[in-house]
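Next come the structures, one after another.
In what follows, chain A forms one complex with chain B and a second complex with chain C.
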Partner chain A sequence: MEIVKRTKKIQYIIVIILILGVCFFLSLSAGKFPLHVPDLFRGDETALSVFWTLRFPRSCMAVIAGFGLGVVGIVYQTIFQNPLAAPDIIGVSAGACGGAAFGILFCAGGTVGVTLCAFAGSVIAVISALGLSMVVRGKSHLSIVLSGLAVQSLAQTVLMMLKLMADPEKELAAIEYWIMGSLNAITAKDIMFPIGVTAICMMILICLYRQIFLLSLHEDEATLLGVSVGILRLVILLLATLVVAAIVSVTGVIGFVGLVAPHCARLLLKNLCVETLVLSGLIGSVLLLVADILARTVAKSELPVSVFTSLIGVPFLVWLMVRKEKN
Partner chain B sequence: MKEYNTIQRERECFFEIHNITAGYGKKEMIHNINFSLNSHTLTCLIGANGSGKTTLLKSIANQLSHQGTCSIEGESLEQKSVKELARDVSYIPQKTGISISMSVLDVVLMGYNARLKLLENPSKKQIQQACEVLSKIGLEKEIDTDYLNLSEGQKQLVILARMMIENTKILLLDEPDSALDVPNRFRMMSNIRHMVDTEEKAGILCLHDPMLALEFCDQLVLLKAGKCIGILYPKKDSIGVMEKAFCQVYGNVSLMECFDKEGKRHFSMIGI
Partner chain C sequence: MKKRIIILLLCGLFLLLQGCTDKIKTKNVSLTVQETMTIAEENVEAEEREESDFETSYPVVVTDQLGRQVIIEEEPQTIVSGYYISTSLLIALGQEEKLVGVENNPEKRPIYQKCAPHIMNLPQVGTVKELDLEQCALLQPDLIILPFKLKDTAESLEQLGINVLYIKPESKKLLEQATALLGIVTNSNEQVEKLQSMILEKTKEMQDLVEKSERPTVYITGNSNFLTTAGCEMYQHSLIETAGGENVAKELNDFSWAEISYEQLLAWNPEYIILAADAKFDIETVLKDENLAGCKAVKNGNVYQMPSNIESWDSPIPGSMLGSLWLANVLHSDVYDVSRYESAVEEFYGEFYGL
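For the complex of A and B:
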């Protein structure tokens, strides 16, 4: 019985990987410049340059960002024992926005400068949220949520102040566009950092899956099962949040992937297990890839990717819920 | 000299609870509780709601800051690391905190955590053992079921199975029978009794049903408003002494002896 279940789980994962492969291929070929496979093999320089500097990095980023957000989403929902918990809960995105706005206003370094500022902003936000929760010394994860809320609103205030200072024509527009989130203009240089961080943190998180599930229990119960709740929760949250910070600092805020992918994975696999983590990541990748393909093909100009993550994600989630009800 | 005596005395006992005082915030819930347990025995905490039973259990499990010490074979529980404590003490709270869909088997496998390394997974043998324990308590069909879809009674049995897997010296159970029907109640108690009888273990539990306590436990600690007002030994004490003690806790009650077909002594209690 155990083995049958296992095969079924693996089947789901294989199917999603196949879909991901197809989407990846589509993503490589979608865009203003028409890319054809024969051109690439013939060594057409423009085609190769478009492929390596634009399409390939962009598609890779979509896959890795989707995967990261999907896995992190499930980690957050488990640790906070709340199906609505998302990385935003401890102020990552708000911090990144504040950092990015700061970068746009005061850093001369172009996109790299903005990315660095956004990353710094989100890491500062998270560290202050977790630090604050340790000062409060509440017994439960609720103190983390409360400190997160405080930091989040503080970051939003900073963002507002920065917006007020910004030149409305150029800088304000740049800030707003950054906040909307997009995979536009991502080059190979940009993706090395988030891919590295995501890969390392993901590996550690997936290896720690048993501990993550144990953290979903009440604190007393987990402690008496031999879990050092405080330190472990801190480490896991820090790892998970680093992933989000690394991704968001490059892409801007991407909504909904971290919320919908875990739910889809859980509805498909029912009981939480390590496969759920992987599946959630893969679903996140597919969702983000498809959303990104649509974002650059639907209208003449690029649209924010978040528009499509929710436009695709919501009906899919509803369909899964209806299907679950019927069963 | 005094210290030496204390240590000496603790060595003689399997598990000793010494001067425990604890509470929430400034409010003191239990005051100066002392008792000791031998191995192979079950102790039941008896008392009305709010008399401090759960507070005492939580203090023993070191989940509540308290004064006084609990020591197992002379070693103080307060000084143990999280893992060491988890290897010595297992605890079933009134309500478990599992809020996410998980298979029953995975819940039971959590019991191995204290003996596994951080990144280690349960071995095949351990999984096999967990399945055996589940079939022992009659839940072999539910191995892959979502824990959250079980009935409350089944949930309590699964958590008991997890405790069996934890295999610790001290078992703490806070109303493990609250959602069970009569046959399952007896089944659970005989499982606990069996664990304690066959291995070097001792258990402390809270029960609301004094009959069950009299039937299965070796020692009853009576609590009233956070203080220990007496300790009863159902196998030795006379019925008069016990009735008097129960009256202090429950008000006017009458305790009666009855014998089954094999001549074994049981008790029955009614309120007056």
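For the complex of A and C:
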């Protein structure tokens, strides 16, 4: 297997960070409100308010959410030994959708109520999936996948029932739009919780990178190397899923980032290492930032961000695959 | 010889005029929606006109709002309405006793309880997204009126031997056409004329008073999310413009509620914010929203909610004219007094809904 030298890995990471910096700057410049730099320096109240309470938090959320989804994506694909594993494989997104639909229908707390319900829904879904997997004999990663599928189906059934109860003229459209994912309603207040949870869980996951990569081995091999496979898998999945739950409860379901970013990182770095984790996260950030810029500028109204994460992510992945074939 | 020819021509002209007058007095015609609209428009615009009594002659061929030609053999005695707009229209046209089935959740509409409480106990046939075909088969109505979004059900209903009309009252003009269409098929053209005359009269009275005033900018919200609004293709846009306001979202051309961001709203900086009649959030929440502190409407306390205690006037129902009058009073209270709006409400619901 071709090994990419460490210096080259660092170069890739630096280039992606530079691209991320440019995209972040573009994100701060793009938006419907006419923000001008002189207004900011002059201390214009409205301009400063828009910048610090709306534009800056939205851009930060795109970076953090993209990073979190990218890292979690590679964690899931490693643990489940499945290149198609995505962050919602054990029902976290379906649970969040069900919770959000419940919040839209029954909670009067506005976006805060919907966020809390979505987070609660995703946590309930994940705990149910992991709890169910512990009951099943064998305790391999397949039992977690199967439990996740069962919980996902149940959550989607709950979502369907809630959609049936929703008024088609009013609530149904709000539920559908939430499911598609968007950063349009992100404000300074909304990002504290997801950024806090993501930062803490990311730090722990990156520190545990060796253990995560050992889980990519066959279970018997990992056990022989002294890894408590069952417990470690549960802990890592819980941490990873908390990240997804915290992000999705605020942004809605953002597709493709957790699937595409890990593959892009692997295609560039060729093997699993801590740099791959970080690169996957950074690529996720770039992907989500660019998608969000397009979502708020392409049309006169805000479009769902998931439309653009797939439109951008998939061609980039195809390009990397073609490049790999040529090499 | 010349004199005889002139006398003959004069007699012929006299006979011709006599025949035309007789025709106008009692007209039994089969009319298409377009012809009815044309006649209705001419009647409304004319300063003086003869009293005319339009009776629908059955069988009648009508074109519904999906362009389908439908033959109505005889006056329908049993009607199912799968849309709250057509239910409200049928009540206004005095056809509520013919209803044998209605849309889901009629208890959510205060107007039914107030003027046609028997509707609460009628079988429910579905929503704008799905239709209960078996229920329709069970009811076997002479006519079923559905929203255009259920257009795929037409074939199934026709196989069940049920006449179906689709309405699409997505704008003021389309609402007028839908009203005329239902008037023809239910033989209540006179009621249609009265309804449209009152709407035109009250709207014109209001517009004459507000036309010289400056048009303030208005942002109207959706029902479940503050950051959704109506663009130029939506009915709510015409409601604002009719009331002497300027819809800040008129540049959006979405055919449904459009999602925006706080930034967009602050960029528009509307002078008035109007909450939808059935909004899940209230005025207090909007006024306290820190993200809107820089918005003119919030700074000046100009946040209002469309009334909904009788009907939701921000949707395309006959009573939505009153939504424009209410809004005109909000935007131009100096020239359009609240008493005018209140008397219009009393007159409208008294005349057409028996309240």
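Basically, the second predicted complex is superposed on the first by the 322 of 327 C-alpha atoms of A that agree within 3 Å, B and C clash if a C-alpha of one lies under 4 Å from a C-alpha of the other, contacts with A are read in each partner's own complex, and residues count from 1 in each chain.
Quick note on the criterion: contacts are C-beta pairs under 8 Å (C-beta built on N, C-alpha and C of every residue); 3 or more make two chains touch, one makes a residue touch a chain.
Model, not experiment: these values are computed from the prediction.
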Overlay on chain A: chain C relative to chain B, clash or fit: fit
Which of chain B and chain C A:S301 touches, first, second, both or neither: second
Touching partner for A:L54 - first (chain B), second (chain C), both, neither: second
Partner chain(s) touched by A:S228 [first = chain B, second = chain C, both, neither]: first
First (chain B), second (chain C), both or neither touched by A:K32: second
Touched partner set for A:S93, first chain B, second chain C, both or neither: neither
Per-pair minimum CA distance [chain C against chain B, superposed on A] in Å: 42
List of chain A residues in touch with chain C within their complex: 31-34, 45-46, 49-50, 53-55, 104, 108, 110, 167-174, 177, 182, 184-185, 187, 189, 296, 300-303
Footprint of chain A on chain B - complex, ascending: 58, 61, 63, 82-83, 85-87, 89-91, 93, 96-103, 105-106, 110-111, 113-116, 118-119, 121, 143-144, 146, 166
Residue ranges of chain A touching chain B (in the complex, touch as defined): 1-2, 5, 77-78, 81, 207-208, 210-211, 213-214, 216-228, 266, 270-273
Sites on chain C touched by chain A in the complex: 105, 108, 127-129, 222-228, 231, 251-254, 256-264, 266-267, 278, 280-281, 285, 290-291, 293-294, 315
